[in-house]
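Chain nomenclature is as follows: A, B, C, D, E and F, assigned in order of appearance, with residue numbering initiated at 1 for each chain independently.
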């Protein structure tokens, strides 16, 4: 008998009950302030992952050796962000309740808030490691409190001072940088300070949520994103630092802001797939 | 002394006080259910209009002979549709109050609701002439009442039965076509019945709002739109019927759903400009 | 418990045992002589079908009222056409054995041969209705007998004279047109003669395989194909004639030659989805 | 011994001495007022012609039965139009002197002037048949007398009243249409009047230059051009009328204004190749 | 009362009388030898600047703290370079006369000549700092003395030996490199020698014109340009050296050679905007 | 008399008898496992080379000082890889027999096998220097032994252990990396070890074939390829190491895997041309 057409990410086809990590897509970009299209990120990554190997020569590990389940995309409401965030929170809660690590593929960066709300409930001492070109610390954007430009500010509302660690930031308005000085742990332009931070957090076993806005990368290697910001980090540099961060007690994670149609060559989507493979392998290895 | 850089649509550079028609852009596409990008429609049309003549050999009229004012784009909130609609209504109200005809360039089709709310206040016996591939009669879309897929349903909430005249419709779910049978005046696929309708409404001097979702056109001539739907009308057919409709007592109008980045050739944007030129000329001539 | 990510075409999610029609993808384009990319057709159509309604106002029927199963893409060998054709034949055989109608989404046109080989075994009096811009009647192409330019010639090897009915043909070398005069039933440029043919075949209950090379359409509405050929038929014309053909005893069918990346607007892919919806509805209705 | 890489258009590889028709490319677009790129037209057409058959089912003729020579592209000076036109005139003169028909592939439409200057010298009673969306009758464009927007006006300077027959025109400023009423034989929008004209000119054996600005076509089938103008003719209509015109005493010809990069699907380039094949076949047949 | 649609670059909306810097666009690319499109640079940059912050974390300065006026694009004649250059010179002269710093956005690189002609009149001891991939030192290009490939040679005609300082140069014919050895101060491939040069020129208070052909950047981060040349500098490197140069007595400046349509991702345009923001901030700070 | 249209690469227009190097194109991509299009590489490079200088400031050499012949593209059979390889071998044999160095422009990487078969016949002690992102060491790919993913494995079948030197490799399945440990000389990620290797091979005068799969480059500077793989080397790094390798006794060479349509900016094609110019200059200089 013929089987249905199951589409997963790479080789992530474990049984749900066996899975350490449960992935899902959050195809949402309703609050994108400039070029939309991040809604097509998860589907593009699944499709493109057909062209990527399961084996990593960087880590000498193979995805086929680990148990990851891909649970599919949420069907999110466009035009009502709070409704969309609720659906994300609900999926995150299910995964956490079953003792698995939620791994979300965005969508615009606002989707992180839906996941963090649940993860922070379960891990009240949660810290966030945030790789991004943009500070995302506005209090509102043209009146909207729920905007991709405000997502870290909303996370700060939940977690409070000193728990959000921001790297690669090179864009924001003046007030965001001033807010950061007082309330977050911001490391502009690159990864300076990451090694020290990881040593600290590792010593304490702090639960960590890692959110990778892939526009932290330089647009030369990741032009497929809504607000490309020159002066970013390279792929190898990001990879190295992401692997370092994955040595922590990671309890939730996401990659976001791939807008695949903006890079018709497919190179941005391929990079996103490769980065996600490495991310998953490092998380699995750390378990 | 050097002047500021004023960017208008074609030759629409009258003084505000002299203008018959006042144009504005509504760059919003937050509820788009499939491919976004209509937010870039107004800016693209202004830029492209540089390549279009002011003279129409179809009507033997020239835009330079009429007084039209272009008041610029609204800055609309992404992610909160009701806020965006309020801003559209406010601009529309200002223009109506000053005794001028509001002409809006979308944006996704939901923007029409912001304009119709005000126009219907001023003209309680308003009818709508609606050119579109899609019925837009859903009661909600994934929970959102304010969605481009619901815009004519929301207009029906205001105007009631028999006041919405729909042409070129060739897509919708079954329930929308059933709703149309009971509540709107739907002419599927083409312009059949338009001449008769115009005779009727003209006789009564009925105030009319014309909304042109440019995806009524066949994607062969208008591929730059979020949900292209094969089997549409041609440009010349649309032009002829639009001119017929413009012989009515038009009190408000819009063109919408150009997503310029989806047609990299620029042909869709050029068509939108030409159609808008003809639309404006016919409205001016009818005044 | 969370479910796997099943990706189907539109609403084609019946249980296999209940299905009248079983779909599958044949993502192959290894013999394409000019612009490749048809291998991405099936995946693009599944993804794009998210933006298409299940209801047809043309037929007043809804896909949700019928039982269709989507069994996923074959993983075909690039660079060895005979191996790829064997896999297609095997899938076709399984579907036929289970008493269901096979519906294939190509891929380049050569894939039709894999299906026809099996269908002709089961229905020795099979006729083919062939919509295409190209005659596809070469005996070989640069030495290859298995080429998309030869597919109808290979079908003729199986079926013999007078059993292949070709419509919309407007390209080929002189020898192909001469071959057609002697051996096939060719109707160049359009659908002239189709109504008469259908009357004949219907009277006899002849089993028919319908193969739609979508480049029969004019490139204005279907530019996303490897060898666009000006002077083709329009969507509405194709639809009308396809519905006519579906009134026959159809025992196998395919649509092919969408190369989605060549039409970045997505309009070609959207058209292919809509055409396939209508095709499926007409086949279901005829059962 | 290995041969050099000769690149021609389709099968146009006769010996120069045998050739009836001598083709050449004029890759120039320096005066293009909106989107440039027509300079890449000839190279794209040569490359794309690899995917086109030499046989025409429309005329039942094959290019391999005629003698055509392709002499390659001129290397034209960008930024100095008069210099570029001189080079075009020189090539045209050589071909005419050798008793062959010059067939130029543009480039922007201004290149026609370079050819017409020479052809008119040789045939003082020359008429021009001009297919175009635009009147091209301005006296200057931002001060430049040599501009693609003025090319027919410059030809009128040479030929005088009543010798330029314009078809498909649907764009221009008011003054151009007024000029046309007095000085040219303009048939707006389509081919109305062509049959009568051809009868007249044929009776008198008048020498004719045919210039086809391919933007006379609707942008639906020819979006790869700098100033696409909705409301144009279809390919089959153009083909039919072009064949009619080719029954005249044609002494020079060109096709122009393909800007291949603007239509990334390649469909515009493919159409230009097919149209040129038909054009050449009809000219050969008339000799 | 509603206002006209003023479109500026970022927050450059001072009153003319208050402005230190006056910007204008020079949308010209008539002499481009390979891929045209730089004419669309200024419009694209204005549009894209909507997505860029006014605050620079690199300089900790904000454009809203300075007075810059944007005076709009010149309407330049295509096909007659000397006419176009005259219009550029005239605008430059007006700005200089009013005691403000002219900042031009090209357009192809030839536009620099129009500005330099005026700036050199006012500052006879002018030096030029030139960042570019190409030497631009040909005496003519296919006969044209006014070509983007000759612009620095024409500047040398005005300024003489040792006054043109070229950085990042990695392309040219042999004779250009030989000319440079004798007549200009060329630093191939990168910024070697810039610090020393700046020390010298600063000590003497020399007036300096800075021209940034953005193709000095590696095509990895700036592919949207007509002649991309591998092996260029990165954004951060360019930024650092540009800021160094801005510490001089800068009396005129331009950025040029963005051809926005060639990089459909928008990343090149976004970079050009960010670079221009930094350029303007550094110039303002130096005043 | 007018000449035929000869299209070569840059200035490679020597007489065949004088040529040191004979180039040819191998436009084949039938086994490409993901995004096809490499078949268009040679034609795109010829066309693009018009925009590149013949002089190299890196080597201070000029192509016009050397004798290179361009013999045109092979017409290869799509869908039958062994037939295509035979044609490549035949051309290679001719060039070798005439005492010239064969330089092939692919096409997908499988084409290398056709050349290596002949070169290894003539030089039984041949070594291969292989720059690539992918190991290309699979024994088969979905059943096909002749696949671009297997090309180095097939070369190993011919040459045996220790004769294939692989650099920049960063992708493959686990078994390929294990095979490499035992049978090839693999240097992952970059050029570590190249200098030492070159010293060794140079001392022994070993004949070397250099194959450059340009996807060894980072996708930031070379996105126009079917399987872009993040984390690659930069252009300057590749150039430096390629020049080092060219100091060896090179007896055959190729560049491959440019898929020009995937990078619409043209930057990848321009890079491929520049790299090829440097490659040719270094080979000529070494003779």
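Just so it is clear, a contact is a pair of C-beta atoms (placed from the backbone, for glycine too) under 8 Å apart; a residue touches a chain by one contact, two chains touch by 3 or more.
Worth saying up front: this structure is predicted, and the values here are computed from it rather than measured.
Trainee: Which chains sit in contact with both members of the pair chain B and chain E?
Mentor: The common neighbours are A, D.
Trainee: Tell me, which chains sit next to both chain C and chain F?
Mentor: Correct list: A, D.
Trainee: Assuming a repeat means more than half of the contact pairs shared by residue number, which candidate in C-D, A-C or C-F repeats B-E?
Mentor: That would be A-C, since it shares over half of the contact pairs of B-E.
Trainee: Report back the single chain whose CA centre is most distant from the CA centre of chain B.
Mentor: Most distant chain from chain B: F.
Trainee: Could you check if the interface between copies chain A and chain E is built from the same residues on both sides, meaning over half shared, or from different ones?
Mentor: different
Trainee: I'd like the angle of the rotation relating chain A and chain C after CA superposition, in degrees, nearest 5.
Mentor: 180
Trainee: Quick one: chain B and chain C, Cα centre-to-centre, how many Å?
Mentor: One centre to the other, that is 38 Å.
Trainee: Which residues of chain F are in contact with two or more other chains?
Mentor: Counting only residues that touch two or more other chains, chain F contributes 33, 218, 220-221, 261, 263-264.
Trainee: Once the touch criterion is applied, which pairs of chains come out as touching?
Mentor: Between chains, contact exists in these pairs: A-B, A-C, A-E, A-F, B-C, B-D, B-E, C-D, C-F, D-E, D-F, E-F.
Trainee: Which stretch or stretches of chain A touch chain C in the complex?
Mentor: 1-8, 13, 16-17, 22, 24, 43, 46-47, 69-73, 91, 94-95, 261, 264
Trainee: Going by the contact rule set out above, which residues of chain B touch chain D in the complex?
Mentor: Going by the criterion above, the answer is residues 50-51, 53-55, 57-58, 62, 218, 220-221, 235-236, 239, 263-267, 270-271, 274-275.
Trainee: Provide the residue numbers of chain D that touch chain E in the complex, in ascending order.
Mentor: 29-33, 35-37, 39, 75-81, 83, 110, 141-144, 146-147
Trainee: Please give the residue numbers of chain A that touch chain E in the complex, ascending.
Mentor: 33-35, 169-174, 177, 188-189, 218-221, 223-224, 227-231, 262-264
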